[in-house]
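Chain naming follows the written order as A, B, C and D, and within any one chain the residues start at number 1.
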Amino acid sequence: MFPSDQPQANYDDPFHGMKPKIGVMGSCSEPISKQARAAARSLGEAIARNDCVLITGASPGLPYDSVLGAKSLGGLTVGISPGLSLAEHVGKYASPCQGFDVIVYTGSGLMGREVENIRSSDMVVIIGGRSGTLGEFAIAYDEGKLIGVLRGTGGIADQVELLSRICEKETGGHIIYGTDPAALLSDLLKYYRTVHCANPSCFS
Amino acid sequence: MFPSDQPQANYDDPFHGMKPKIGVMGSCSEPISKQARAAARSLGEAIARNDCVLITGASPGLPYDSVLGAKSLGGLTVGISPGLSLAEHVGKYASPCQGFDVIVYTGSGLMGREVENIRSSDMVVIIGGRSGTLGEFAIAYDEGKLIGVLRGTGGIADQVELLSRICEKETGGHIIYGTDPAALLSDLLKYYRTVHCANPSCFS
Amino acid sequence: MFPSDQPQANYDDPFHGMKPKIGVMGSCSEPISKQARAAARSLGEAIARNDCVLITGASPGLPYDSVLGAKSLGGLTVGISPGLSLAEHVGKYASPCQGFDVIVYTGSGLMGREVENIRSSDMVVIIGGRSGTLGEFAIAYDEGKLIGVLRGTGGIADQVELLSRICEKETGGHIIYGTDPAALLSDLLKYYRTVHCANPSCFS
Amino acid sequence: MFPSDQPQANYDDPFHGMKPKIGVMGSCSEPISKQARAAARSLGEAIARNDCVLITGASPGLPYDSVLGAKSLGGLTVGISPGLSLAEHVGKYASPCQGFDVIVYTGSGLMGREVENIRSSDMVVIIGGRSGTLGEFAIAYDEGKLIGVLRGTGGIADQVELLSRICEKETGGHIIYGTDPAALLSDLLKYYRTVHCANPSCFS
């Protein structure tokens, strides 16, 4: 518990005694390039290696490649499901459950659960992606989150510079670009610890 | 109540005995052009004149100009608030309450409430807009809604053609462009009645 | 809009320029007594006659009897649906849509939507009811709402005195009992205007 | 991933390759008896010892005693927060963050987050409790969950037999009573594995 009733920017302990939470977003269905899949898996491995927690929308596709990568190294993985139950998760949304330490059932559908996913992540990383990922980028940017973008993975990831210009708005959101998953994660963690932890979102 | 337990595409009664619900989305804070404000107000008036219900995120700015326009002609207006209560709506989110027949308190914040707003609208119209509106477009498009865009109002509205190309995905979402608010609403209602009512969203 | 950024208890205008919102809760499925159905319908009529807005969980049963009562006198009716869409509302939840001016789709299921229903109502009235209504009473009481109870309608309504003793907690919630729907509504409106508007819920 | 698109009751693997998730609910504020606190802590220890995941509403009080118990033995702990962010969690809701492996931010307030908490738990255990816990029992019972009750811990826990009679409804919910935390958990796990996994909730 905090001694005072408001968490202060704490550069000695920017994660307040908890592990960093990394959200991973990207294409959930084909077509997905082999390169993007490999990047997603490497990112999951880097998340586990850095003792971070991986959060995804519990979907198949690129976010699940990250889950499998993190799990292969014993990382902790959380899925925020669009469904109201495991039965809906698997049946209605055709989504996987193996490899998740926890699945939280929101019932709020494809995009609704992403809002919760993004808020529960200290920072989010975008790989590839189409319309759903466009929404995730916009939500994260509008709510002032720290965002990592894996360049060269196609789709939305390769349009983020354009998109951030289109937004024409200072939201507190900050974007870091990279091509190597492990190096990007390292850059994100460093920026969060030294700068972004002072204002992690519009709700801080 | 429906005679069978699944609503069927019903071209004779595409709104199932209810009034059409029109969601209006766009910039909530300055800078907003006079032209965009006039368009938003005209759209609100057209919504009331066509006996439709106006739904917004209960924010200030362009959506509120539509509320004032609809209300000036006795239209029915609904706000889906980011706050948990009127006190949060007015205090935490600096949002108006006068002019709304109903405000629904979601507590789900700026982007969370937009998901519900979009789902509760039969179709949505985008005017101007920045990062929040980008998210709203992406949510509506990803969930297969009918979307109207008021060209010439700046911001996101004037980037939707580009954005829909970037999405690279068939979602069932359909976009209709226009410059005159009343004519755009008329086109949207016609398309919904003749085509889109068969598959109003990804949850139908 | 309010001149200051916090809504103040305003005994001259306790509803802040809006119509009072009355939530109605109770049994959604058989067995339901004829007496309870008549009371629910009378309550809906009284809500319309007093120019209030009726909010329900958009279910069948007693709350829908209130909707039909309110609608017979031209009242405004709002349903907060457990489903993500009209198709889910009608198909998955076997719920009616005719008679509602607006249905808001939450996707949050049977109990999730009740939380939003309660927060969006200035006061709630309980008629009959079983386990779902027990939850609704507990949510409303725990969040400090004004609650009306129609005695003699069976089920939860006739156990509220016992239940409030079991809760053993001062929450700001206040309960008013009555047997005549119109008189109960009148008592609730008077208490809200003179006392409860100062602290309408735990989120004010 | 499942081979077919509906999860089947699988008596060989009732948790579908995941660890059992146990929700713990009870009083969040004083007065709380020493006995109830000790029971909550023991329950947390038993959850960790049985390699289950503990889920709470991330509140202080009895659920947090379970978190500390589980954590003392290296168990995995998840909090579903009423707030939109860590800042709201700690500031607005005066809730702890240390000891949680993951905190999910719902923004849906005191009772809203409990709905998600309950859905994400395979079974829930009630200790002591007042109006909030009454709501949690009602939600869990109404949605057909498996419920454990720690007798002798006061408050709602000692009224559950009465409450389940008042509900007068077959929901699929099943209640198991006990006085020893470890034995109760063992009974719950056995019943889930042999019976309840076939119909874990109303959404299965």
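The working rule: a residue touches a chain if its C-beta (ideal position, glycine included) is under 8 Å from a C-beta of that chain, and two chains touch if they have at least 3 such contacts.
Quantities reported herein were computed from a predicted structural model and do not represent experimental measurements.
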Next item on the list: If every step must land on a chain the current one touches, say how few steps get you from chain A to chain C.
Entry: 1
Next item on the list: Have a look at A-D versus B-D and report the one with more C-beta pairs in contact.
Entry: A-D
Notebook entry, point to check: Is the contact between copies chain A and chain B built from the same residues on both sides or from different ones, judged by whether over half of the numbers are shared?
Noted result: same
Notebook entry, point to check: When the CA atoms of chain B are placed over those of chain C, what is the turn angle between 0 and 180 degrees, to the nearest 5?
Noted result: 180
Next item on the list: Report the inter-chain centroid distance for chain A and chain D in whole angstrom, where each centroid is the mean of the CA atoms.
Entry: 27
Next item on the list: Using mean C-alpha positions as chain centres, tell me how far chain B is from chain D in Å, no decimals.
Entry: 39
Next item on the list: Quick one: which residues in chain C touch 2 or more of the other chains?
Entry: 84, 106-109, 112, 116, 119, 203
Next item on the list: Counting only chain pairs that touch, give me the topology of the graph as line, ring, star, complete or other.
Entry: complete
Margin query: Under the definition above, what is the set of chain C residues touching chain D in their complex?
Written below: 108-112, 115-116, 119, 130-132, 134-135, 138-139, 141-143, 155-156, 159, 162-163, 166-169, 171, 173, 202-203
Next item on the list: In the complex, go through chain D and note every residue touching chain A.
Entry: 1-2, 5-7, 16-19, 21, 53, 55, 60, 76, 78, 80, 83-88, 90-91, 94, 96-98, 100-107, 116, 119-120, 200-201, 203-204
Check: Taking the complex as given, what residues does chain D use to touch chain B?
Finding: 84, 106-109, 112
